[in-house]
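Report on the structure given below.
Order as written gives the chain letters A, B and C; numbering starts at 1 within each chain.
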Amino acid sequence: MQIKRNVKIKKPLIHYITNPISINDCANAMLAIGAKPIMAEHPLEVSEITSASNALGVNLGNITDVRMKSMLISGKTAFKERIPQVIDLVGVGCSKLRFNYAKKFISQCHPDVIKGNLSEIRALCGIESNAKGIDAGECDKITEDNFDENIEIVKKLSLRTNSVIAATGAVDVITNGSKTYLIKNGCEMLSMVTGTGCMVTALIASYISSLDIFGATILAVSLMGICGELSHHVTGIGSFRTNLIDNLFTISDNTIINKIKCELK
Amino acid sequence: MQIKRNVKIKKPLIHYITNPISINDCANAMLAIGAKPIMAEHPLEVSEITSASNALGVNLGNITDVRMKSMLISGKTAFKERIPQVIDLVGVGCSKLRFNYAKKFISQCHPDVIKGNLSEIRALCGIESNAKGIDAGECDKITEDNFDENIEIVKKLSLRTNSVIAATGAVDVITNGSKTYLIKNGCEMLSMVTGTGCMVTALIASYISSLDIFGATILAVSLMGICGELSHHVTGIGSFRTNLIDNLFTISDNTIINKIKCELK
Amino acid sequence: MQIKRNVKIKKPLIHYITNPISINDCANAMLAIGAKPIMAEHPLEVSEITSASNALGVNLGNITDVRMKSMLISGKTAFKERIPQVIDLVGVGCSKLRFNYAKKFISQCHPDVIKGNLSEIRALCGIESNAKGIDAGECDKITEDNFDENIEIVKKLSLRTNSVIAATGAVDVITNGSKTYLIKNGCEMLSMVTGTGCMVTALIASYISSLDIFGATILAVSLMGICGELSHHVTGIGSFRTNLIDNLFTISDNTIINKIKCELK
């Protein structure tokens, strides 16, 4: 299997409309795996740019009126032209504005992948979440007790939206409604540096351009977890961030195969 | 005394409305000391988000119409709900727009802390400043000659606004109007990398969520200075920036106590 | 010759209106060579800030309505007050919006320097380009076959606009219409990390504040290439980015003189 090579050779153009907090890291994460990022967000050019791209990512972080408008234009273009797309639900539990927008986007644009932490996925489903800001709440960690309930929520969302769902957390849950995988890669530092969630979405957007949607999502989520594991032997989160990008750049297919902890539920 | 621990355990949610130049570094600085940053700026969600937060920071850097609107909404919410807040006067001497906005914000929102370099504090007070862009002017350094005059300006601003004032520079002056502390930590490199001033405000916002306002401001300003000292044995400002975040993450209470150079005026 | 010293001593204030993707790296690149960046973009303050600055840079990346408005205001102010200015044509081949805006800006503001990769320069001239997103197309590399044709395009643009043109690529072409220099510094990694093109423009803006326009442009483009060469012995693009800023900070005049590969065409 040639995992990273596909994207490295194709150099797909990925249109990612996202927030300024992690936009630089997201662009570098995409470049690290061989994709070509473009982050255009002007409503008068985004349709043209999505059309020319191999995949689309949209991200609710630090939402603005302009990006709300542009993401919807691009999402509709992507749906119409069968360009794969992913939405990142950043902060969907933090404000009514994001919650309503996310529901509208999903119903009008039919994203191929919906990604959020478990608090965000629960919030989107109208189920009580315990989010603290943009992070998953302590109570929303998947434990033995709530395991089956949470898997069920994620699966139902997938069946209802016909999207692959990636619910991230200490254990990541990825489902297409019929099959569900659990990914147990990652390390604590990934949640201690800003933007790693947005970067996962950048990787998903890059891989769905060139692989099947379900496999691409599993690969992207696992890859970030594995690169986190490879990066965390450092002094602090400043070095960790640099190492993470380095590891996305250098990691070999063999390392991915050896390190991946992905099991069918 | 448990200095950093308070925040690390509480994991306060900090709403910081700030500019894109240093927004990533500010988020990572807050994460480094254990706070949870959220940088939302949409006028339709900021009140909701400030309400859910433990403190608010606003920053005039790279000001936009949207952020001018949002910061005022959030500032009023914070004042009304007694959520501690800090304003960073970035570039207040550069344009009439920022000058007028800063005065309006302070009179309507009553921030607990007003932070700026000495040129900015002077400009806000309508006193001749020698700012060059967003940096303090050469002539606005505190010297033996102008020492008493400048301290007096800072104290008067504190008494008039009823805010703690942090006037940063080679020597930082922090006053609550009755007591004034001088902080002599820091290194030259802190002024040679972008965003360190904005990061100080991020630290102030984080600490005022959990400590008394005056003590929190002193701690935040000192901490950045000390971490600068610990970071400057490097090749250049690229590595310095990485080290600075690493040191914010790793520094122990003992190191803070040993290194702090804070004296009552 | 004292290459870097001029700027280091003058500490020119540089107004750069640019995109959020690389805005932090651009500010740090300018600080690294001794300039003072200010990135203000509010239409109501940019004229005031450009007036107080020693040079202006504008950048089409991630274009917004507000920046389109502000860049035009600042460009006109710079032209009227004879403040040197440079435009970066990021993505001019990606959308009609940027194409039309670039033509308008150039005709109304008369920038001293126009910078783009070869695909962008070709697109601006209405000649078929093979751009992929914001990167130069594979087919737009200068080869032996298309060499003379491409040089001719760049020279004609210079004569028509009366601007120095910097057409970047594996070989950079810089012309003032009568003299044309080829710069052969650089390394592949420079194109594998986001924002290096925007940083070149940041360096051009910094140097045109203090040197003659043509010489400043040659120096800025060469300097980025040389610092790329000095930085690429690293693990990946995360470290490369840090090293690049470090090398911009530390590089000596002697190293520049020894490493520069600049020849008159």
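A few comments on the model shown:
Convention: a contact is a pair of C-beta atoms (placed from the backbone, for glycine too) under 8 Å apart; a residue touches a chain by one contact, two chains touch by 3 or more.
If you're wondering where the values come from, they're calculated on a predicted model, not measured in any experiment.
Because contacts link each chain to all the remaining chains, their graph is best described as complete. The angle needed to superpose chain A on chain C by their Cα atoms is 120 degrees, rounded to the nearest 5. Here chain A and chain B face each other with different sets of residues for the most part; under half of the interface numbers are shared between them. Averaged Cα coordinates give chain A a centre that lies 33 Å from the centre of chain B.
Shared contact sites, meaning residues of chain A that touch two or more other chains, fall at 20, 24, 241-242.
Interface residues of chain C, counted against chain A in their complex, comprise 19-22, 24-25, 62-65, 91, 94-98, 132-135, 192-195, 234-239, 241-242.
Chain A makes touch with chain C in their complex at residues 11, 13, 20, 23-24, 27-28, 31-32, 36-42, 44-45, 48-49, 52-53, 66, 241-250.
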